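Given below, in the form of structure tokens, are the structures.
Shared between the two complexes below is subunit A, which has subunit B as its partner in the first and subunit C in the second.
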Partner chain A sequence: MKKVILSALVSLMLVSVSYAQNSEEANRLIGVWEPSHGKAKVKIDKIGDKFYGRIVWLKTAKNPETGEPRVDKNNPDESLRNTPLRGYRILKDFVYAGEDEWSEGTIYDPENGNTYSCSIKMTDENTLDIRGYIGVSALGRTDIWKRLKMPSKK
Partner chain B sequence: MKNIKLSSFNIALLGVVLFLFSACEPSNETQVQISVQSSAAGPFFPGPNSLMADYEVNLAALKGLENVSPERIKEIKINSISLNLNEADSINFDSFSSASLQIVGSNTGMQTIAIKNPISSKTRELALQVSDEVKIVDYFKSEKFSLVLDLDFIDESYDEEIGAMIVMDLTIKYN
Partner chain C sequence: MLYFPKSFGLLLIFSYLPFSALMAQVDSTQAEEEEDFSMYDNLEFVDESVKRFASVKVSGKSPDKLVSVGYDFQGAYGINASDFGTNTAANEQVSATHGLRFAANIPVISKNSIIIQAGLTYWNTKYEFENSDKLIHPLHKTLSENGLTTTEAAISVYKPLTETSFLLARVAAGLNGDYKLADFQPMKYNRYSVALLWGKKPLDNKQWAIGLSQTYRAGELNYLPVLMYNWTSTNRKWGVESLLPARGDVRYNFSPRSMLFAGFDLEGTSFRIGNKNELNPPFNDLELRRSELRFRLKYERQLIGFIWISAKVGYRYNYSFNVDRVENGEDFFRGFFGDQKYVMENSLTNPLFFNFSINLVSP
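Moving on to the complex of A and B:
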């Protein structure tokens, strides 16, 4: 009987350690990232078990014509076109699939108002391959995002 | 030829009968109000900060839906959404430039359901502008969903906890 209990406890511990390691691996995505065009910075956070990225900085923060903060003027839902772009979640619903890859998410392009299926591959600790596609992954485009390091406190 | 005509007539008749059957399917609707407490701990910095709230779906607890199972829900219309900052917090809506509210479930992706930009209220209460197109039925067919309230802080940092009651007025159609 003791052996059975001991075996169950060891199994439980192994599952817990594995879960913690997996969660730690998944959380490496959290941080501030810069797309290759350099026009925005995107902060990726975790909500529940999924990952989301929102714009925290824009090179052109204000509409040059109005002087007002830029809004999501291309949103297909007209009633939401006044949403500020700063703070907008362009990456949504990513789940860690293992082996440095996050999938099942979407990426939104505020330039044209389109949402694409998306997968993320971490090629090293500071580099992401962000692949947006329609339907199948082969029909898509990959952009390389770089992690922004926070200045160290002295 | 006569047989063919008869056959077409029969098909048309069958179509009409089916249409009448579907039109006669009982359809009901009821208006409910859902209040969900959202909160987040400081410090908050200028820019968007998120308050979170979880809602356990329990139709039996909603007046008028006591005997309605989730699969019978056909449509949910959001009539209005308002926010009420907790009275204990020393903050008003004039501290924020904009607000947006998202809904997300474990098996259903995140969607924006309402926004307010700019915010002109100087009180603790704010009515949001609801999306015309958002569909939220699927969230009510799962056990729970979360609401994510993004408040865009204007400038000064704020160290305290913030809480806001999210009040949703819904019309739920079911059969």
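Moving on to the complex of A and C:
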């Protein structure tokens, strides 16, 4: 009986250590990233076991015609068209799938109001391949995002 | 025997649970409401060697079509076929020209630094003659019996060079003729189109490029300059989408999911006429140089998700319906100023047309 308890506890410890390592690997996604177009910065956070990303900076923060902060005017849901783009959550529901990949998420493109299936691959510590696709990964486009940091003191 | 106190086991279990629960509840957005966004103004890249590339996307432009299935219909018009060999000239009325149009452009590689797409096009064009059982001229007869088929495979490459400049290349091989899919014509009748452009994208809403092409848009082999210009107004309502001489449009955006276009398409290629029933050597190496200008209105809108519909209506103007003899399938260059004689110089009257397609559009 004691052997059974011992092996169960050892297994539990191994699972625990593995979970911690896995979680540490998964949390490398957390940070501020810049898409290739350079028009926005996206901060990725973890909520529960999933990862989410929201716009924290916009190159053109205000509507040039009205001078007001830019809103999500292309959203197919009319009730959301006055939501400010800064702070808007465009990456949703990513879970770490192992081997530097986060999957099962979606990405929203405020340029056209479309939401795509999305997977994220970390090609190195500071680079993400963000692949938005329709149905199957083959019907998609990959954008490369780069990690940002606070400015170094001079 | 190893002694293992029960309390130690329970301690381990309970020490594990809060830890795992803690790991599952990291929420770094708790201060979301009161976050000072100005702290993100001056961030810099961790990796200082970051290189940006000109994006292929132009804001406000209509979405690219990954897969398109459509139907094309031209109304009644006449085909005046000139004399040919022992055949005298004949004028026949076509009640309709219509057929299926399928196209797929699937990204093979699609990333910031390069986009490579593989394309496949299949068009089937049927000619419905008013007196289909009384036709005499071999051109009328083969069009009535076999119609025209286009099958084209293409590779397109978009290669950004810098943040504002790019190269665009396209190579296509087309098998066009009066063949049936069950009885493919020989590959030596393949016709190749090539285009290479260099361009700039100075703004998110403007992109232009210039280049050269080997093309059959005018029906026969030609070498033409190409001009691409895509632009959207600041208020995202108006735009231009053009790839001259193939097409040009002025666009009005009702919304990002609903657009109206006014413009034209130049459609053309060289079709091998190999009607085995009617044409014996040496008159079975013929190519119909078919080219038409289509002035039209086009309306495109999202149906659901990434499925869009497109409807065109307009006037088809015949540019060329002449026939050359192309011995053993080896094509030649006449250009606009060559003096080689056509085997047949045919004339067509011009009908109205419509086209409807359903499309899967690109992210």
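Here is the rule we go by: the second predicted complex is superposed on the first by the 150 of 154 C-alpha atoms of A that agree within 3 Å, B and C clash if a C-alpha of one lies under 4 Å from a C-alpha of the other, contacts with A are read in each partner's own complex, and residues count from 1 in each chain.
Methods note: contacts are C-beta pairs under 8 Å (C-beta built on N, C-alpha and C of every residue); 3 or more make two chains touch, one makes a residue touch a chain.
Just so we're clear, the structure is a prediction, and the values are computed from it rather than from any experiment.
By the touch criterion defined above, A:80 lies against subunit B but remains apart from subunit C after alignment on the C-alpha atoms of chain A. In the superposed model, A:92 lies in contact with subunit B only, and not with subunit C.
Of the two partner chains placed around the shared chain by superposition, neither subunit B nor subunit C is touched by A:66.
Contact with subunit C, but none with subunit B, is seen for A:111 once the two complexes are overlaid on the shared chain. Of the two partner chains placed by superposition, only subunit C is touched by A:38; subunit B is not. The partner that reaches more residues of subunit A, of the two candidates subunit B and subunit C, is C.
Legend: residue contacts after superposition of the two complexes on their common chain; A:47 is shown touching both subunit B and subunit C.
For the contact definition in use here, the residues of subunit A common to its subunit B contact set and its subunit C contact set are 47-49, 52, 54, 56, 76, 86-87. The part of subunit A that touches subunit C in the complex is made up of residues 2-3, 5-6, 9, 12-13, 16, 19-20, 23, 27, 30, 32, 34, 36-39, 41, 43, 45-49, 52, 54, 56-57, 64-65, 74, 76, 86-87, 109, 111-114, 116, 125-127, 129, 132-134, 138-144, 146-152.
Residues of subunit B that touch subunit A in their complex: 47-48, 50, 52, 97-98, 100, 102, 104, 106, 109-110, 112, 115, 117, 129-134, 146, 148, 150, 152. Within the complex, the subunit A residues that touch subunit B are 47-50, 52, 54, 56, 69, 71, 76-80, 82-84, 86-87, 89, 92-93, 106.
Only residues 1-4, 6, 9, 12-13, 16, 19-20, 23-29, 32, 35, 37, 40-47, 50, 52-53, 55, 57, 59, 63, 66, 106-107, 110-113, 115, 204, 234-235, 255-257, 305-306, 360, 362-363 of subunit C touch subunit A when the two sit together in their complex.
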